[in-house]
């Protein structure tokens, strides 16, 4: 037989697989190392971020506990590594320095001018009112949309009445955003001229979340109050 | 304006309405005296160039054949004057380059009657005989294109012609020769039409006349009655709304019948043949007399002409002679246009002769051409005027932009450059003064050369 | 908040157009938008790859979540999307050579561009379900195609303009993209 | 003696670019005059500043050689006037100047000057400032304010680069509430208040913050269309498609959607349809294309107004249609004479466009066939002899 | 300085000026436009890219003899994706706010073709040191480009620079600059400026040649 001088392959499959395996192993090692190395810092960061956000909307809070509100109406504390049961909503119970329940914070989201507006709002069980809100994320126009955080008239909307109806199934009055200068009720939000759309989004986010969440929380307030905050130093 | 023409019933879509300037519409046809020397270019028509059959020094009588060809798509020439052949060779041509011509010095004393022809009776001649007679007469289309008439009247084997369309539109501003022919030579025209019908086998002839010449229609209808032998409806005259370029055969057929001649096809594909009124009137006069084409009617007009009018001009008469006679001093002349102002060609010099296809001599003097200098050229502002005026339904704006970037191939392949018949409507209307049709001519030329070199 | 399929589509197609509002897929957008005849197949091919990527990502994500290996998500996405596209390319080549000829030359260009990976990442981040994911991918692809086609036709027209010499090339394309993006701001808030 | 040689045609229509543009400027003057009458000194100053900034920018680029055309062609004046008419009367002058500069620089010079631009320059200017200064551009003041010829709207005279002062206080001093400064569209969209027909058309009866008078614009536009300085098809298509879409939606849900009349006569739809969408350089040249283009603008306008976050949509609709115009033009190229597949059939059925003589023999009757080859085939065998 | 140091320096400067990935090669546009709404974001993105680019190129260069031709692209992608994942977690660990601001564009560094291009065109053929220098030069060029965009957009769009107010409270920010169109306009404007400079230089050169 005549040797045709065309090598079918420069590298043998074994070598190829060996190298790929090596590279993959190396990469896997690097990733796992990075993941492990940063895991604590990331978790800590996330916790601090949540805490900060909650502390901001509930100024008296000194500690928080994470809860799930299940559709059945029960609330359960979240332990490390727990995954959310289907249909449940996460919220935070905040406790002040003396361990008393200072308020409840939860996230709400609604479509704003250009994308979703995600906020964290605080509910005060004592007065049954929304006492304030903070921003989680949004892509609204700088200079317009972000007025919701600084506009004095807008911030004056809070506390905002959020009483449950007698059947404890929904809010007595849905929270609505009305045009600037026409707020007459305690459950209405006075919009910002020029940023009506973002104002509306805030109103809707609060309303949607409150309608879902409050009927589950309010019956369980005692459970939340009894829990004197997390055992933290 | 567009709306108005819509309600009036548009003859064909788009087109333009240039000012008509028909200065000579009611001036009778006059005869021009003979120049002392005439120059007969050998190539005056579409097709093969005939060769001279006379020698230098030879005496010729008016009407005698002086050039002939055996080629089918070619016509003979006849001596326009009685005189002596002085020179055979290159003389200035209309387009600039010199062309092969026969120069004849007229006998000063000659009576200049047509001596050569022999009257004959064609009353029961067959179509073939008539075609032969037309060929011998050296007839070409007098409407401008100068296509050999016998060739046009020969119906292709597979085709059938039912209608002869007689083109009496004369849509170009200034020109009135066809108009005067219809008014003054209506009887010759009817005779010519009947010959052409016999030659083609058409059962019907329609004279299409723009409605700014009602008197022409009246004259033709009167001639039909006078003739007497014509069955009802065989020949009739129709008025069509005036609009440029009605005279184009495509537009005229559209105006009369509402059908489009398919792109790339001739009217014969719809069973029609289109002839100019001047051509048929000349036929009507020449065939019974057995003579050849030695003269034609030319409108000499324009802003600088003292005696404008329609003149019977011997072929080969130098332009300078015509201008002098009509009172257009050569010194003041800025431009001489052969044909009408929309499609005519600027003469390269005043020494060129009148040829068979020349329907008008338009003399521009003084400020008549100042618009060229006064108007600024802008980029195309996409005003769509040109699109709204192109009778062929092209997009001259796009073609113009492509031409400016030398995208000639794209013009031909995607934007139908080949359909443009260079009527000039687009250039006429363009507010940006873009020389659109001028660019298209160049583009077509380049594409032709490219196709040839392949 | 649950977004309906129509909302997701309109958002990805117009309001948050991948190219003009989200800055994804800009390199092909600037590079391939010179001619209409390349822009259209490029758009179609991209839409197709986005759909493939979206399906892959949906599957991988379920798998990784199940295994608790979310930190491998990125590397898994990129490897699997790239190889699936390659596989599809081979299948196409074998069973539909005409389709392959129309789209094939564009496929390798697209496998690793950010619009495709963007679809996968965004649908994961927004926790879309299966139908939502598909709608999102198709909407994003349609939006990409729309932007590409508009840009290409405008650029073809500008070939016939006397654009100043300094502005020719990428600068002009970017300015055009800016103007288009300005015009698309009119759609803001459409999908809600 | 020498004679000139030139190529046909040797005569020329009387139209020129300057003439067209001059007529458009003239026709805009009554509209501007009424705008000034509505809003007083601020409107006058705004018109002047914006136009001058357009002209200066144009002059700079023409001198630079970056663009063709010249300042004498009036097109920059049109850009300036239309831009100013589309801005609120109390828009800070420095922002107006920015809009003018952007309009000419980005909207026109970038593409090579007059005729080459793909987007309407005035709208590019406006879209830019709308995105840059969204609050200022949404701040309207009531029309027919007393004393409007004696003082400026305070926001007009804002120092360059600075934020405009709020007009709310100023309005309060004059017993207007803050809502008086909302345009009819904003009022409808954000407050559900609909303006009456008479207010929309002239605003003479109240202090509604409306733009330039639609009636006047329609009149001036009709004049231009009649003189054929603009193409009537585009406004007709826009108003038709916007009206139709609005009417259909109104039919579905009259409570949620306003009536078509409100849709047509509120905001800048009429100004946009008559003067801005018709800008020749940025609209298709093909007649069919103009219908498509107009219909697209009308449809987009209604969609943006009803469903997007903004109260007004004409500007964006026109800009998007501008971007689509080359594409529209490409797919609506006219069919050349004699090339339409069905052109002959269709026409013959409809009958000739000119009344036919009764003796007309149709092609079918006569059994005519289209010859495949031309004359070459029936050439006589032997050349006939004399 | 000896010859090779100058060469090295030239090679480094190449990436910054003559072969600038953003302004000259016009690559990696998406991150360049998406995250440059502020100078800080621009710099962070630049540094993240630098990290990924440098690490991947170094690793590729080290492994270049080992990697078979047939699977090199796959290998590069895996390597790049690895470092992107690393940088993703690093940024999360450093600051969540920054992580949110950069959004998905950190993960999209994977497909930034500057990196794959460098790995393929340079790192796979060169030893460690030149690779490092080349990668650093390119990264520096990209980072500088991002910074040029981010600075302009932040100054005009918010009136601040690194968050410090520059013009007092009454300054009217040009919101458009931090919106998507602004990104296109600013990059386009930079390119126009560079083109104008290049033209002027060419003209001068031509004049000089003529005069000489």
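We just call them A, B, C, D and E in the order they show up, numbering each chain from 1.
Here is the rule we use: a residue touches a chain if its C-beta (ideal position, glycine included) is under 8 Å from a C-beta of that chain, and two chains touch if they have at least 3 such contacts.
Please read these numbers as outputs of a predicted model, since none were measured by experiment.
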| item | value |
| --- | --- |
| Contact-graph separation of subunit C and subunit D, given in steps at minimum | 1 |
| Chains contacting each of subunit A and subunit D, listed by label | C, E |
| Both-way neighbours, i.e. chains that touch subunit E and touch subunit C | A, D |
| Relative to subunit C, chain with the most remote C-alpha centre | B |
| Central chain (distance from its CA mean to the mean of all protein CA atoms) | D |
| Chain of greatest Cα-centre distance to subunit A | B |
| Inter-chain centre distance, subunit A versus subunit B - centres from mean C-alpha coordinates, in Å | 87 |
| Distance between chain centroids, defined by C-alpha means - subunit B, subunit D (Å) | 45 |
| Rounded Å distance, subunit B centre to subunit C centre (Cα mean) | 61 |
| Intercentroid distance (Cα basis), subunit C paired with subunit A, Å | 30 |
| Interface hub residues of subunit A, defined as touching at least two other chains | 27, 31, 35, 113-114, 141, 143-144, 197 |
| Multi-chain contact sites of subunit D, meaning residues that touch two or more partners | 68, 106, 112-113, 116, 128, 131, 134, 309 |
| Two or more partner chains touched - positions in subunit E | 74, 78, 81-82, 85, 89, 175-176, 179, 181-182, 185 |
| Pairs of chains satisfying the touch condition | A-C, A-D, A-E, B-C, B-D, C-D, C-E, D-E |
| Interfacial residue positions of subunit A with respect to subunit E in the complex | 9-11, 15-16, 19-20, 22-24, 26-27, 30-31, 34-35, 37-38, 41-42, 45-46, 49, 137, 141-144 |
| Of all residues in subunit C, those that touch subunit A in their complex | 1, 15-16, 21, 71-72, 75, 188-189, 191-192 |
| Partner subunit C, residues of subunit A touching it in the complex | 27, 31-32, 35, 109-116, 197, 208 |
| Residues of subunit D touching subunit E in the complex | 95, 106, 128, 131-134, 136, 158, 161-164 |
| Partner subunit B, residues of subunit C touching it in the complex | 159-162 |
